[in-house]
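Everything below concerns the one structure shown next.
Chain lettering (A, B, C and D) follows the sequence in which the chains are written, and residue indices restart at 1 in each chain.
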Amino acid sequence: MESKYHALKERAWAANMEIPRRGLAIYTFGNVSALDARAGVFAIKPSGVPYEQLQVEHMVVVDLEGRIVEGTLRPSSDTRTHLVLYRNLKGVGGIVHTHSTYATGWAQAHLPIPIYGTTHADHLAEDVPCTEVMSAEAVERDYEMETGQQILECFRHRDPLHTPMVLVAGHAPFAWGETPEKAVYNAAVLEELAKMAFITRGIHPEAARLPDRLVRKHFERKHGPRAYYGQK
Amino acid sequence: MESKYHALKERAWAANMEIPRRGLAIYTFGNVSALDARAGVFAIKPSGVPYEQLQVEHMVVVDLEGRIVEGTLRPSSDTRTHLVLYRNLKGVGGIVHTHSTYATGWAQAHLPIPIYGTTHADHLAEDVPCTEVMSAEAVERDYEMETGQQILECFRHRDPLHTPMVLVAGHAPFAWGETPEKAVYNAAVLEELAKMAFITRGIHPEAARLPDRLVRKHFERKHGPRAYYGQK
Amino acid sequence: MESKYHALKERAWAANMEIPRRGLAIYTFGNVSALDARAGVFAIKPSGVPYEQLQVEHMVVVDLEGRIVEGTLRPSSDTRTHLVLYRNLKGVGGIVHTHSTYATGWAQAHLPIPIYGTTHADHLAEDVPCTEVMSAEAVERDYEMETGQQILECFRHRDPLHTPMVLVAGHAPFAWGETPEKAVYNAAVLEELAKMAFITRGIHPEAARLPDRLVRKHFERKHGPRAYYGQK
Amino acid sequence: MESKYHALKERAWAANMEIPRRGLAIYTFGNVSALDARAGVFAIKPSGVPYEQLQVEHMVVVDLEGRIVEGTLRPSSDTRTHLVLYRNLKGVGGIVHTHSTYATGWAQAHLPIPIYGTTHADHLAEDVPCTEVMSAEAVERDYEMETGQQILECFRHRDPLHTPMVLVAGHAPFAWGETPEKAVYNAAVLEELAKMAFITRGIHPEAARLPDRLVRKHFERKHGPRAYYGQK
């Protein structure tokens, strides 16, 4: 009999396979999960399995208490971070964690990615935020949970669907979206923004941010109530 | 019955497909249009459709008043910028807008790309110009029209066929040419010039521009009245 | 009759072929060896043979005194470096030498790669060490042996399985592991760490190292006695 | 009847096709020639023909007076530069001109590429030399001839087979070798050296050159009278 989570696992698997295809990770440096909000479960990549060997059946289904509902492999070691985010970020249906090269470069510098241009403003209306470096106390507690908490701390006054990405200081990026496909898209966009900003800063270390008027215009062209980008 | 714009749409489609092939854009970050000057219409990419799914029939045909003449999809959100340019830049038969990585890096720095070498001078005889950042008033008016106006402002004393590319400050590049194929070629060349200039500036921040004598020599070797590059 | 070293040679060959596939070397700029500790021999790439032409039978089997045990081609000119390392680095079963671009960039700067983030700490708990530049006396002696000696000097107080990589100053990286496959993995990870660190330093020349608490946490998550990354 | 230059043209064609395969040029930004020293002719790429369309029969055969001996297309606009080099650089059997990205970045900075490491010393025992910027008088004379003259000026006290590459200031690199295949190899090595040196300089702007003792050791390991790299 087929698993009742088959469709969810397939979707999580396909989103995971986009990670190496888009050049967002080598080996096992990333993971994607897909939420079924109604069922209260998400499917996630197993820990340490390289993408070349990844099969739909390898996906692990976990409920929002962190219990494995289906699957024989150990889920990603970052599962509890995904868990904390799903529990708290309303409307999020997919989460991506990668160590994509340029975004990680910024995370390692503990710096937000400045909103230098409209490519950035087309996707979020502010710098890509960067968390604090985790305290010794938090590291001692439940590390993966605390990674999620730090992201939440950073999003206390932010709308996660308007700013669907974050840098974890000293670590690497997380991105998300209403669907797992959108989450992967946001992870790929983030890497491109990170590379463009690296280039801009290299050319002109004092480059100015995009003026607010243009940030708002571009963001609303795609995301505002009168958005007119794309097909209806 | 086949559309009388079929050939134009096919040409626009083929030129659009070069964008991802040349690595000039990810996802939907770019668009190409092809003009039929006699018919007074141009075919352009529909808004928000990824290249992998793009079909010839998706192309939207628009006249020089901005009215859709053929096509069921919404044209690129940048259509009115193309429109303004076709109306004012004599001899231009194809226009490309991308967010290619290095050219966008310079546009975000609000800096023209210095003419450091003969690769550059083979294609244009001056720095790649960069527009002003758009004023609040212009943003409030018709944003895409105004983007075109800013480019025109920048080309008031320039020959658009001699300088077939521009950076829109805080945004990204536009390139054009007598044909859509030539426009894509110019967009790819621009990205390469932008990368080379980034490297040169990284090695030597005070690098000098190519002396005028060499600029003129290279430009005229390819474009002057006694050009001797290529086949007749 | 088939060589009794066939399996070893095949393993060495497969590991060598990963080098161009992972983009770690052009032409002949790299070599991998695989040790059979029980037999006291290792199989290594022949000198100057491009990867496209490399066959299993080309592998040269050498004993730990440096005598060729099997093979008609000359072994890699770096063979004596591998030899010195196998003799002295306990538990190492595979060694990789490449001139991968970013790691070589750091080696040429005579600088260790700072441990800026968790991608790094997932693999080693300190900066990627960099040897001294070789003295005139050592160059005059047996150059390849001395390259090995310099690495050993650098590892006098290090556990080679905890820090499975090194930069040879003015030269390029070496990486190793318990198996040849793991050694290639470490070489690819090193190149990625080198690129990320280049980016971080470009963004923020005074970027801080990852705090110790996070270094230990990440390293132990994967390598400590209570490691919980990957499948059991 | 088959051309008596067929083998030469085929060899030149194959060497030209390596240029895009190795990522050394986009569109028509490069050309390779192959010399038949006995016949006193060389085969060279035609001007402005993209690599994707290049056929063996397109190759143009030119004698050492610059007369076309065979071929219906116009030869590369850089033909007279190749001519000057073949006439003066003894032992050279193939010449490559590209605008490869990193090497051109250095040429645009008018700076030789410092010999930072052994990858470099494996191929030449000094910095990659950079010519002077061409004077106004020379530009007015025969530009392509003068480009060759400038390279010769730079090689007055150099052995072209020991230093098989040069940067033409404000322009781009030339590389050569005893055969066209070796010339392409040197062009690809040059691009890699240029990229590595860019990275080293980015990490450490005051990085020291490789000490002489190591330069000599590595160069002689491959090229000296007692070379022991590669197969006999």
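Following the convention adopted for this analysis, contacts are C-beta pairs under 8 Å (C-beta built on N, C-alpha and C of every residue); 3 or more make two chains touch, one makes a residue touch a chain.
Heads up on the chains, UniProt names are A, B, C, D = L-ribulose-5-phosphate 4-epimerase.
Because the structure is a prediction, the values reported are computed rather than measured.
Engineer: If we define chain centres by averaging CA atoms, which chain lands farthest from chain B? Would you check?
Structural biologist: It is C.
Engineer: Using mean C-alpha positions as chain centres, tell me how far chain A is from chain C in Å, no decimals.
Structural biologist: Those two chain centres are 33 Å apart.
Engineer: Roughly how far is chain B from chain C, going centre to centre by Cα mean, in whole Å?
Structural biologist: Centre-to-centre distance between chain B and chain C: 46 Å.
Engineer: At least two partner chains per residue is the criterion; list those residues in chain A.
Structural biologist: 198, 202
Engineer: Can the chain contact pattern be summarised as a line, a ring, a star, a complete graph, or none of these (other)?
Structural biologist: Here the contact pattern is a ring, one closed loop where every chain has two partners.
Engineer: With touch defined as at the top, which chains are paired up in contact here?
Structural biologist: Inter-chain contacts occur between A-B, A-C, B-D, C-D.
Engineer: Hey, which residues of chain B end up touching chain D in the complex?
Structural biologist: The contact residues of chain B facing chain D are 22, 116-119, 185, 188-189, 192, 195-200, 202-204, 207-208, 210-211, 213-214, 217, 221, 228-232.
Engineer: Residue numbers of chain D touching chain B in their complex, please.
Structural biologist: Residue positions touching the partner: 26-29, 46-49, 73-74, 77, 99, 101-102, 104-111, 133-134, 136, 139, 143, 170-172, 198, 201-202.
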